[in-house]
Each structure stands twice: as structure tokens, then as C-alpha cells.
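Below is the structure I would like to discuss, written out as C-alpha cells.
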Amino acid sequence: MSHVTTSAELAHDENAVEGSPDMTPGRRGFIKTTLLGQPQAIVGLVVVGVIILIAIFAPLIATYSIHEKTGPIYAPPSSAHWLGTDDGGVDMFSLMVYGSRVSLEVGFAAALVAMVIGGTVGIVSGFLGGWVDTLLMRITDIFLVIPDLVLIIVVAAIFGRHLINIIFIIGIIYWTSTARLIRAQVKSVRERVYVQRARSIGAGGNRLIFKHVLPQVAPLLIANTVLTIALAIFLETYITFLGLGDPSSISWGKLIENSFLGNAVLNDAWWAVVPPGLAVTVLILACTMVGQSMEDALNPRLKVGHLAVRRFRMRPLHGQLDSE
Amino acid sequence: MSTQPVLRTEDLHVWFDLPGNRELHAVRGVSLELRPGERMGLVGESGCGKTTAILALIGLLPGSASVAGRVYLHDEDVLAKGEETISPHRWNDIAMVFQGAMNAFNPVKTIGTQIAEPMELHGTSTGRAARAQVRELLELVGISGERADRYPHEFSGGMRQRAAIALALACQPQVLLADEPTTALDVMVQAQILELLVRLTRDLGLAMILVTHDLPIVAQVCDRAAVMYAGEIVEMGEMATIYHDPRHPYTRMLFSATPDLLGDEDVRSIPGAPPRLDREIAGCPFTPRCDSAFAPCATTHPRRLEVAPGHEALCHLNDHLVAEKPA
Amino acid sequence: MQRGDYILKRTLFALLTVFVAVTLNFVLFRALPGDAVTGLKCHNCTIQFKTALRHDLGLDKSKWEQYVIYLKGLAHGDMGTTFISHKPVRGELWDPIKKTVAMIGLGTVFSIIFGIFTGVISAWRRGTVMDKLSVWTALAFYSVPTQWLGLMIVYFVADRVGLPHGGIQSPDYGILGNPGTYDFLVDRTEHMILPALTLGLVLYGDYTLIVRSAMLETLGEDYVLTARAKGMSNWAIVWKHGFRNAMLPVVTLIALSLGFVIGGAITIEYVFDYPGIGLAIVDAIDKRDYAFLQGAFLVLTLSVILFNFLADLLYFKLDPRVTT
């Protein structure tokens, strides 16, 4: 460790959130450090919260039905249609409101799938070690070699383009990185807890260790899942754009695709192009903010940079008269 | 040994900024003198401010630090304008061997390149001349000159420490600050490094401050010692004097806690903990852990007293003796 | 001799992965419904005709036999015949790949240079407004759906700077007689700039964050403090000690990421109607031309493996500590 106890390190000692993941503070400490320490987490949470609320109360917020033509084709924003209409004369604002539902659903559900699969594989692999570990890791490697798009095409062709399939395919694409992360964490925790309790453990030891491993792993898993939500939403727009999405569900990604296929650019209809992409970006950014803050809280960067961007300052001694 | 000090500090203070507009007063009025060829030990527990103090001497404190007091190299006040005045002297006149010198080297560059760097930066020599000098330096510290083109990971811990010393000597400074130069080395290697340092100060007339928490080292190697506690020097004097006639309870407890000076004890054996430095301390900071504390200790800060020529202590037990040591 | 061992190991591993990839490729695409014959558009095809054709093409043999035939074919560079145009897949791949590589090359170079530049500055000015701005801008571009960014650029930028909306050749190219090499280059470049810019913007954010992270890690190392003590200026420290060391992990990460660039390129080519391999893939998906897709993805997978391998070699060359 470094030679000088800088103020940053001293101040940090008070919170005792160390660099190594084993000193995860109690749950309250974790939430405190994440939120209060980083305003971006609060901003992120608020934004996601607002979008969730919009999704829940969609029928109350939307101004028109999204299944029928309620205005002229590509009408610009007006008091009747706040965000204009799309190439089918459907109100854009209502489309955006309802679109939040599918985007959120896919994002959260897919991330959940990834978390469950990845988390399980990671915990089992890290905990049991040995041939189970090696086998699972080889399987992970295989998944990494397959291009994502191939998996998507194959699943779409064989199982059909339903929303549930898309959710699963996204989850399957992302479980590997979660698995690796959790596995590493479980391994390091296992070493520690095992050594500490080696003497007091009898036959039921494994279950005890399991009870202690999980709380140490959970915060990291949650942070990773939040970040995966962002990735899942991103991937959903990608899948839909290539025409492999569910044709019957309207997500923001679908709206982007529609604007492309409907030649919104040629028709100068910016209101059909800008909002969905903007919304997706904002949602992804918000999730990233929250997830990143969580990860930072778990692995704070203690190393003080040694670049002297600011120099130390000189000051006169109290009550010292210059003898010059 | 000439009698003019090569390094002199007067009432050196260092504060660190803390969040919430608070400050950590890490160094609280350190005054010392160092003569050419002299080896002074600076001892104390972790956190007592010894490393911070020597970092202040070479001007390597971070931006969150503020410094007050005077540091004279020969007769120039090198801290007068902070970085501006100290940087021309850094490495040329005063150099440092850092704690954990194992990591002081960049793993992707050769040792030789890194030792030549300050030479080229300060214009002392370049190119082939520099390379030749690097080899000489390595030989001086006991490493074969051919190893200059090797990478740090190819050197053992002890050799890296020697290389770090060679690096410090690159621009022929007069003062060498060594921060825990032997921790993380095994006993045999430790002895070699210490022997090297003694030899260098003798042969090159180097003045050295050796910072450590390891008492046996200080006793072995240093002519004089300064004991630090809570940011202050609580006792300072000749090595033998301090050992046989300590005038501060902390010094006494330190040495008596070490049954065998040739053993491996350090200062952990005094119960209690040092005071927090982010607030002002009333009276003597050692009071809570002191076995000789009496009336004035809790309320009045002791004055720096010269208990004998060249021997000073910061303790009320000496109050009856002498007048205050002139500042 | 240890260094030779390392290269050998990595080469063997790469070859093994190639083999696994080829096999997986076969398995996945053979699992899809439909084959060369079902894709045939012939008016009077009787069932007997199709059966006979299947026999001729060897499609009625067992999967294992087909696998062996496939492998043999690959060994001769034969990737089969496309469903739609019945041309050899290999020939159909070459031209689009060239065009894609040119465009991606331009975009990637931009993103790497810009990413490294912003990452280094960010790390140097850590904690300042510039740093935060840089990081959040990088994250924002990273979160933007690629296709949407492309659409936005076409909509808002193309006309303003006088660049084409898409395609690879202007309608008036060569209208005034034989176009020379210069005209060719200009025309091509004009059509490449916007797609490459889109790619660059989408990619750079990732690099900024990677570089920043690696630099911060490096700048907190002890040898940086030593460098400062030796009298090196901030700039010299950042360049000679910080950058050089941080580039180790950065180079490997960049090389690795290059293998996955194609994913973004697909949507970009679709939006910009740029006739590269990405657009060809989208087309093939739409037309269910699995033979073509199989060939295309094989090439892509191989390039990922190749880049991984190169990344290994590069790291090996740059880090003197690696001997095993």
C-alpha cells in the first residue's frame, strides 16, 4: 500500500469499504454508499422510475389508441397529436407511451434470465470447482465463439419470432459474462470464508458457507443485472431493426424500425425518428448510471493518482512574525 | 564531519484536507538538523507522520496537502515558494528511496533506462556517458553493471532495493531520505542493505534520514535518532544516549518493550492507540497511554527542552531541568 | 524457449477454436428448416424433381456424411452455393467484404484515435468537469442504438455537409466520361464517411472508458510517484510511464473488440444502404438464404478468432513480463 496516508484514504477508512470485494459493508452501508455517494445513481433511479410509471399508467397517459389510424400520415406535432403521427397515421405520443412497456419488459425479463442462468452457473462453478467448473467454463467459451446474430437467426427461424423467444435469446447471449463475474467472486469469497471457519465446521459446513457466500455475491449480482438490463434493451432494438423481432409487439426499437421502413427521413418526419431513439438512449444511460454506481460502491478505486495536477500549498505559520 | 548542517527544518507543519472542510494535522512542528555523513533515524508507529514529514522535505506531497515552516538545504529556504523552489533541488540535492521500492520501477522499461532518466532530465549527463554512469552506480550498490539492460521483474527484491538506492544516487545528492528501506526483505538481505547504506554515507559523505518503525535497525545503523509521536518529535539525540537515558516515557516504553534489540520487535507492544489528528489535542498527546502522566500532562502541551547538549525531549518530566531550547 | 512455447500454445488453441467454430456453424445452420432445394423458386417443380435434386446435391445423406462433405469442401475453399442466385458463396462474399473492411477500417481508426485521446485526457484531468463531461458523452454515444444514430446523421447531417444519404456510388458518377482513379476514390470516400463516422461514434465511447480506466490504474502506481520525484513533467509522465503501461491491457482489449465490430456494421450498412457484407447479410436473412449466411458467419467467426489470436500475440510482444 502507499507510503503516505492521504486524506482520501483516511476519510475512506471511516466507511471501511475496501478495495477487495470481501469487505462489502452491510446492506445499509451499500445502499448508502451507492446512492448518497453518487448523485448520478439518484438521477438514474429517478429516470428509470419515471419510465416505469409511464409504462404502468400507459392507458391513462396515452391520448389515442395505437391500433387505429387517428390522424393523417406523417402529420407534424400539433396540439391534437403532441408528437405527430407515423406512417400509418397512428399517434406517435401514444405509441411512445405504450412502447415503454415492451422495451421495459424485454429489458428486465431478459436481464433476469441472464442473471438466473449466469448467477447459477457462476455460483455452482465457483463453489464446486474441479471438473464441474472446467466443464461449465468450456461451455461458456463455446457460447462466446458463436456470433450473437447467428443465435438470433437460428432461434427466430426454428422457434418463431415471439417476444418470449426474444427475451430468452437475449438472456442466453448475456449469461456468460455474468457467470464469469460471479464465479470469480464466489471463488475469492469461498477461500476466505472457508479458511476462517475451517475449524468450526463439521458436516453441515457447506450449507453454512453457502449462506455466507450468497450475501457477499448478491450485491455484485444485482449491480451486474442492472447493467445487463441496459444491454438487453440495446440488443432488443438491434434485433427488431433487422426484422427478427416480434411483429405484433410495439417497442421503441420497433418504432425505430418503422421509421426506417416508412422512409421517415425522406418524408422529413423527424418526430417519427427522434423520440424512440432518444427514449432508448435515456433509458439505457439511466440503467448504466445506476448499475455503474453500484459497481463503484463495491469496488471503489482507492489508489490516489500520483500526477501532481494540483501542487501542495504553502501557508504562513500562525502568529509567526517574519524575521526578514 | 563538518559541523555545518546540510539540511535543517524549522517548525515544519503539514495539513491534509479532509471532506467536510476539516483538516488532518499530520505533522506538528518538526525541527531537526542533519550534517553531512550523518545517519539519523526517524522512528514511530504507523501514522505518526514520519513519512509525511520526509515527503514534505522533498516536496512530494499531494495537492490536498498544505505546508508551513522552513526547510533549509545548505542555507536556502527550499520551501519558500513551495513546488517552485523545491523542484530544482529534487534529486540533485535531496533524493528519496520510497517504501516498497520493489514497485518503484516501471515493469516495462529496463532498470538502466529508468536510472538514466533523472540524469538526462537534470542535464547531468546523457547518452553513452549516462549509460556508463548507470553501470558505475549499479556496481556501487553491489549489482553487476551488465544487469542494467534487464527488466525489474528479473531482479530479486533485495536487488530491486539496491537499484532503487542507485536511482536515488543518480544525480549525486547530498541528502538521502530512506523510507522503510528494509521492510518486506528477509533478514539476511536487510542486513546487506543496511550495510550498503552505512558504507554509502561514509564513502560519499551522504547525509541520511532513515524512516522506520523497526527499532533494532535504528540502533544498528544510526548515529542519531528522532522519535515521533502524533506528528511531533518527542525525543531526539544520539543513539546511545536515547537508548540508555530516554527522557520521554514513549521512548522508554519503546525500548523496554523490545527485550532484545537484535530481535524482530517493533512498536506494537504499547497498549492503546495514537490520538486522532483531525482535531486539536489538549495537553500532551501521549497522556492516555503514558505510565508517568501527572498533573500538567492533560492540560498543557510540553515545551521542547534540551535535557543535555544535543539531546531534547518534549515531556513535562523534564520541566524542572532547563530553560526552553532556543528555536 | 518459453516464449516459443507460448506462441505454440496459443496457435494450437486458435486452431482448435476454429475447428469448433466450423462444426458449430454446420450444426446451427443445418438445424434450420429449409435447404437449398426448398429455397428454389421453380414453377413446375414436382416432388419427384425436388427429391431427385436433393439426391444430386447430397442433401438426403445422413447429417454426419453431410458434415464430412462440408469439411472437405471447406478444405478446398468451397463454401457451398447460395440459395437465391445459385452462385458459389465464396465469390459472393469477397466483394462485399472488401467494401465493408474499407468502411469499418475508417471508422475504427477514428474511434481508436479519438477514444485513446479522450481517455488519456480524462484520466489526466481526473475528477474535473472535463473528465466528467468526457465520460458521460462517451457513455451517451455508447448507449445510443447504432441504427438510430445512423438515421439521425442521415437526417440532420448529410445534407448540411453535402454528403450522400447512402449507397456507394453517386448516380452522376462517370456521367462526364471515364472516371479516373481520383474520381473513384473521391466518390467512394464520400459514401464511406458518414457510415464510418457513425461507426466511429458508436465505438469510441467504449475505448474512452477502457483507456481512462487503464490510465488511472497506471497513474496510481508507485513508479509514477518515483517518476515525479525524479523530476519528470506531468506530460512526460503521462506519455512515457502512464500511457506506455496502460496500453498493454488497452491494446488487447481493442484487438479483441475488433472482432465484434461487424455487429454494428450490419445495422449501419442497412441504414446507409452501403453494399458491404452487413447489407448482404441483412438481405440474406430476409430471403432465408441460409447457405450464404452460413458462409458469411463462418468468415466472421474466423475473423473473431483471428483477432483474439493477434491480441494474444500483441500482448505477448509488448509485455516483457510474460514468459510462460
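Every chain is named by a letter (A, B and C) in the order it is written, and numbering of its residues begins at 1.
The working rule: a residue touches a chain if its C-beta (ideal position, glycine included) is under 8 Å from a C-beta of that chain, and two chains touch if they have at least 3 such contacts.
Predicted model only: the values in this text are computed from it and were never measured.
Colleague: Look at all chain centres (mean of CA atoms) and spot the one farthest from the centre of chain C.
Modeller: Measuring from the centre of chain C, the most distant chain centre belongs to B.
Colleague: Average the C-alpha coordinates of each chain, average all protein C-alpha coordinates together, and give the chain whose average is closest to the overall one.
Modeller: Checking distances from each chain centre to the full centroid gives A.
Colleague: For chain A and chain C, let me know how many angstrom lie between their CA-based centres, rounded off.
Modeller: Centre-to-centre distance between chain A and chain C: 24 Å.
Colleague: Return the distance between the CA-based centres of chain A and chain B, expressed in whole Å.
Modeller: Centre-to-centre distance between chain A and chain B: 49 Å.
Colleague: Could you grab the centroid distance between chain B and chain C? Build each centroid from C-alpha atoms only and quote it in angstrom.
Modeller: 56
Colleague: So which bits of chain B are touching at least two other chains?
Modeller: Correct list: 98, 100.
Colleague: Taking each residue of chain C in turn, which ones touch at least two of the other chains?
Modeller: 221-222, 225, 228
Colleague: Give the residues of chain A touching no fewer than two other chains, as numbers and ranges.
Modeller: 3, 304, 306, 308-309, in rising order.
Colleague: In the complex, go through chain C and note every residue touching chain A.
Modeller: 17, 20-21, 24-25, 28-29, 31-33, 123-126, 139-140, 143-149, 151-152, 154-155, 165, 216-217, 219-222, 224-225, 228, 234, 237-238, 242, 262-263, 266-267, 270-271, 281-282, 285-286, 288, 293, 297, 300-301, 304-305
Colleague: Tell me, which parts of chain B touch chain A in their complex?
Modeller: Listed in rising order, the residues are 11, 13, 16-19, 24, 26, 47, 51-52, 55-56, 59, 61-69, 79-83, 98-100, 179, 278.
Colleague: Mind pulling up the chain B residues that touch chain C in the complex?
Modeller: For chain B paired with chain C, touching residues are 58, 60, 87, 90-91, 95-96, 98, 100, 103-109, 114, 117-118, 121-122, 151, 153, 167, 170.
Colleague: Using the touch definition from the top, list the residues of chain A that touch chain C in their complex.
Modeller: 2-3, 142, 145-151, 153-154, 157-158, 230, 234, 237-238, 241-244, 253, 256-257, 259-260, 264-265, 270, 273-274, 276-277, 280-281, 284-285, 288, 301, 303-309
Colleague: In the complex formed with chain B, which residues of chain C make contact?
Modeller: It is residues 221-223, 225-232, 241, 244-245, 248, 318-321 of chain C that touch chain B.
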